[in-house]
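Take a look at this one; I'll ask things after.
As written, the chains take the letters A, B and C, and residue 1 is the first residue of each chain.
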Amino acid sequence: MTNAIEVKNLRYRYPDGSEALRGVSFSVGAGERVALIGPNGAGKSTLLLHLNGLLPERAMENSAVQIAGDAVTPANFSKVRKNVGFLFQDPEDQLFCPTVFEDVAFGPRQFGLHGAELAAKVGAALAQVGLTGYENRPPHHLSRGEKRRVCLAGVLVCSPAVLALDEPTTDLDPRGRRELKALLRELPAAQIIATHDLELVVEHCSRAILFDRGAIIADGPPATLLADEPLMLAHGLERPHILSHHHPHSKT
Amino acid sequence: MNPEFIDRYSRLDSPVHKLPVGSKIVAALVLVLGVALWPAVPWQLFGAVGALLLALMLLSQIPPRFLLRRLLIAEPFALSIAALALFQPGGWHIFLVMLTKSTLCLAAMILLTATTPFTDLLAALRRARIPVVFVTTLALLYRYLFVLADESSRMRRARLSRSFAEHRAHQWRALATVAGQLFIRASGRAERIFAAMSARGWEQK
Amino acid sequence: MHIPDGFLDAKTALTTGVLAAAGLGVALRRVRETLPPQRLPLLGLAAAFIFVAQMLNFPVGGGTSGHLVGGALAAILLGPAAAVVALGAVIILQCLLFNDGGVTALGANLFNMAVVTPITAWLVFQPLTRFIGRRTAVALAAWSSIVLAAIICAGELAWSGRVAWRLVLPAMGGIHALIGLGEAFITTLVLGAIAAARPELLEANAPIRRREVIGWGLLVALGVVLFIAPFACPWPDGLEKVAARLGFEHHAANMLHAPLSDYAVPGLKSEKLGTILAGIIGTLAVFVLAWATVRLVGRKNAEN
């Protein structure tokens, strides 16, 4: 079976010339959940943006990124973008339509769906995130957690094979965080999550990639990777408390 | 003024709210065009229109104080221009005509907009074949109005918390900085919105 | 400056409606042709910015405060076509959501505030910024855009036969000559703040063709000719004849047939002020035309 994400020797410079990605290679299997951890400015968001070709200044001819076997090139954008569900850091940026319905319908509409079929899809996606009946609400009347879930519905409605999530739990209160985690656990899509929420990494992901200064530093199971205190501290992170609870006899 | 207050009662469940949007818009337009542009001044008819609007307002279950406040917010300019008419021969008549007409039309429009969610008006504009670029701009304006108003009041508060009884020139400069930052953030947000639109398959045709 | 319903008669509502539709239509076409797709969301965000910036109160003293109108700011930040679209959205939202400005006056309000203001500002700013420096050019652009829009607004009210020109001109013109000072000051400060933090935002606009410049100039000039010239010209009977012949609005006709020269406005030397304002407008119009001509000739020479 083809990998959900295949990245080979990916390099990228910002328009100002500084190097953002210095030859990144990794792959993510179908249904795998991978955390992307590292300090601010490590290049995590930039890496995610490459998964569906969202950096307009980049020439995509010999793309080093493949999604479910398709190279991320302008010719493939429509297919790739349908396959990659992208959850942006700030839900205010992602919810750009005046009502919840319009917003969730935006994606499928671009791919040619309309009428009753569209309404049914939108209804199903809203039910999936537990927001049935929110169709006519304007986004500014929603709580932070509800906004996140509408964003997720807007992504799930296209049944993507890959979910790229940029800091999905920031700004959420504990309940919002719990609800989001429960939702993500149910989804069959491969997930790549850029996050500082190390609890999420330990509880939700089967694998973590430590990323710093545009390169992969380490790649392994979260429990091992995050327990390595010197490594964590060297890259602006810390050993999460949750690990001490899970492994009371490990070295402190 | 807090922009949120405008939206407060547009989703109630009264008979006026439940009227079909299209016919509500057409009725309001006919009424406004008739009252505002009809050259003659049939006072009895104006009285009847006023009574009808009053009845609809009561039926709409919207607190009268809210409607009155919206009416008063919009009146100062009307009042000052109409007052100018007092300085000319026959001025009282013109003054009363202008005020009556504008108040009736205003009441009709307040009734329409207070009982119809703005998103329904947007959909009506889209159906009326207003160019897509323009309706999209209006939709984005409506959507981000609240976000930016919130951002601006947070920035202003942060500014105020650091300044004590400053000279007016400083206050102006500080406010201008807030406005400048607001634009810079708005244009950054526009870029991120474009990314979010593209990520969900949007391509300009 | 938002005209409510009932203040304009049918012919004025119609004329301004046509002018506004022309302005918005042209602007939308230009935007579709020239604006790169990644800048499309900026139209809506800039409109929201203008709207919110208008709610920032600048303390003037004595408990009063001024605020931004934003035409000049939008024009200089976005270029003329995008500014017209963004401001147009603001005016329509104010009408449909906040009931600020009437439905029958929507055309007039759109023309005055979404077309005349940004276009005037832009036509004044573009050439002046080369000769007298950016800041002064911004200030002059902001001031003249507000004053011209106010005077055209006065003309529309007078043409509708509601308020005599000699009353409404000094009132609107005088007040907005002051408001314009605030606008000039605030616009200069805000653009200064943006230029200091992110100068590249001010240089992101596409170059503009001279045909577009002339088109915009003509549209504003048409507004001046229709709504100001009939009153400012030395033959005051012209309009009376027109109104009488057209036969609109019997009470308007009554008012116009009354001897206009008999009006005494306490405390206002309206004639003098009117002359001064007319002079300013004339100068502006000539300036714009001269500049357009110079550009035209210059371009042709360069091409040869």
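Assume a residue touches a chain if its C-beta (ideal position, glycine included) is under 8 Å from a C-beta of that chain, and two chains touch if they have at least 3 such contacts.
Source: prediction; values computed, not measured.
A.B. asks: Could you say which chain's mean Cα position falls nearest to the mean Cα position of the entire protein shown?
C.D. replies: Located nearest the centre of all protein C-alpha atoms is chain B.
A.B. asks: With centres defined by CA atoms only, which chain is the most remote from subunit C?
C.D. replies: A
A.B. asks: Which integer distance in Å separates the CA centroid of subunit A from that of subunit C?
C.D. replies: 47
A.B. asks: Report the inter-chain centroid distance for subunit B and subunit C in whole angstrom, where each centroid is the mean of the CA atoms.
C.D. replies: Each chain's C-alpha centroid was found; their separation is 21 Å.
A.B. asks: Would you kindly tell me how far, in whole Å, the mean C-alpha position of subunit B lies from that of subunit A?
C.D. replies: Centre separation, subunit A to subunit B: 39 Å.
A.B. asks: Of all the residues in subunit C, which ones touch at least 2 other chains?
C.D. replies: 38, 41
A.B. asks: Identify all positions of subunit B at which a residue touches two or more other chains, and write them in rising order.
C.D. replies: Only 118, 139-140, 142-144, 147, 189, 193, 197 qualify.
A.B. asks: Multi-chain contacts in subunit A: which residues touch at least two other chains?
C.D. replies: Only 96 qualify.
A.B. asks: Quick one: in the complex, what on subunit C touches subunit B?
C.D. replies: Answer in residue numbers: 1-10, 13, 24, 28, 31-32, 37-49, 51-53, 55-56, 58-59, 61, 68, 77, 85-86, 88-90, 92-93, 95-100, 102-104, 157, 162-164, 167-168, 171, 185-186, 189-194, 196-198, 201, 248-251, 254-255, 258, 263, 265.
A.B. asks: Spell out the part of subunit B that touches subunit A in their complex, as residue ranges.
C.D. replies: Going by the criterion above, the answer is residues 4, 7, 11, 117-119, 122, 139-140, 142-144, 146-147, 189, 192-193, 195-203.
A.B. asks: Mind listing the subunit A positions that touch subunit B in their complex?
C.D. replies: For subunit A paired with subunit B, touching residues are 49, 52, 54, 77-78, 81-82, 84, 86, 88, 90, 92-99, 102, 106-107, 110-111, 136, 138-141, 154-155, 158.
A.B. asks: Quick check on the complex: what are the subunit B residues that touch subunit C?
C.D. replies: Residues of subunit B touching subunit C: 1, 6, 29, 32-33, 35-37, 39-41, 70, 73-74, 77-78, 80-82, 84-85, 87-90, 93-94, 97-102, 104-106, 109-110, 113, 118, 121, 131, 133-134, 136-145, 147-149, 152, 156, 168, 171-173, 175-184, 186-187, 189-191, 193-194, 197, 204.
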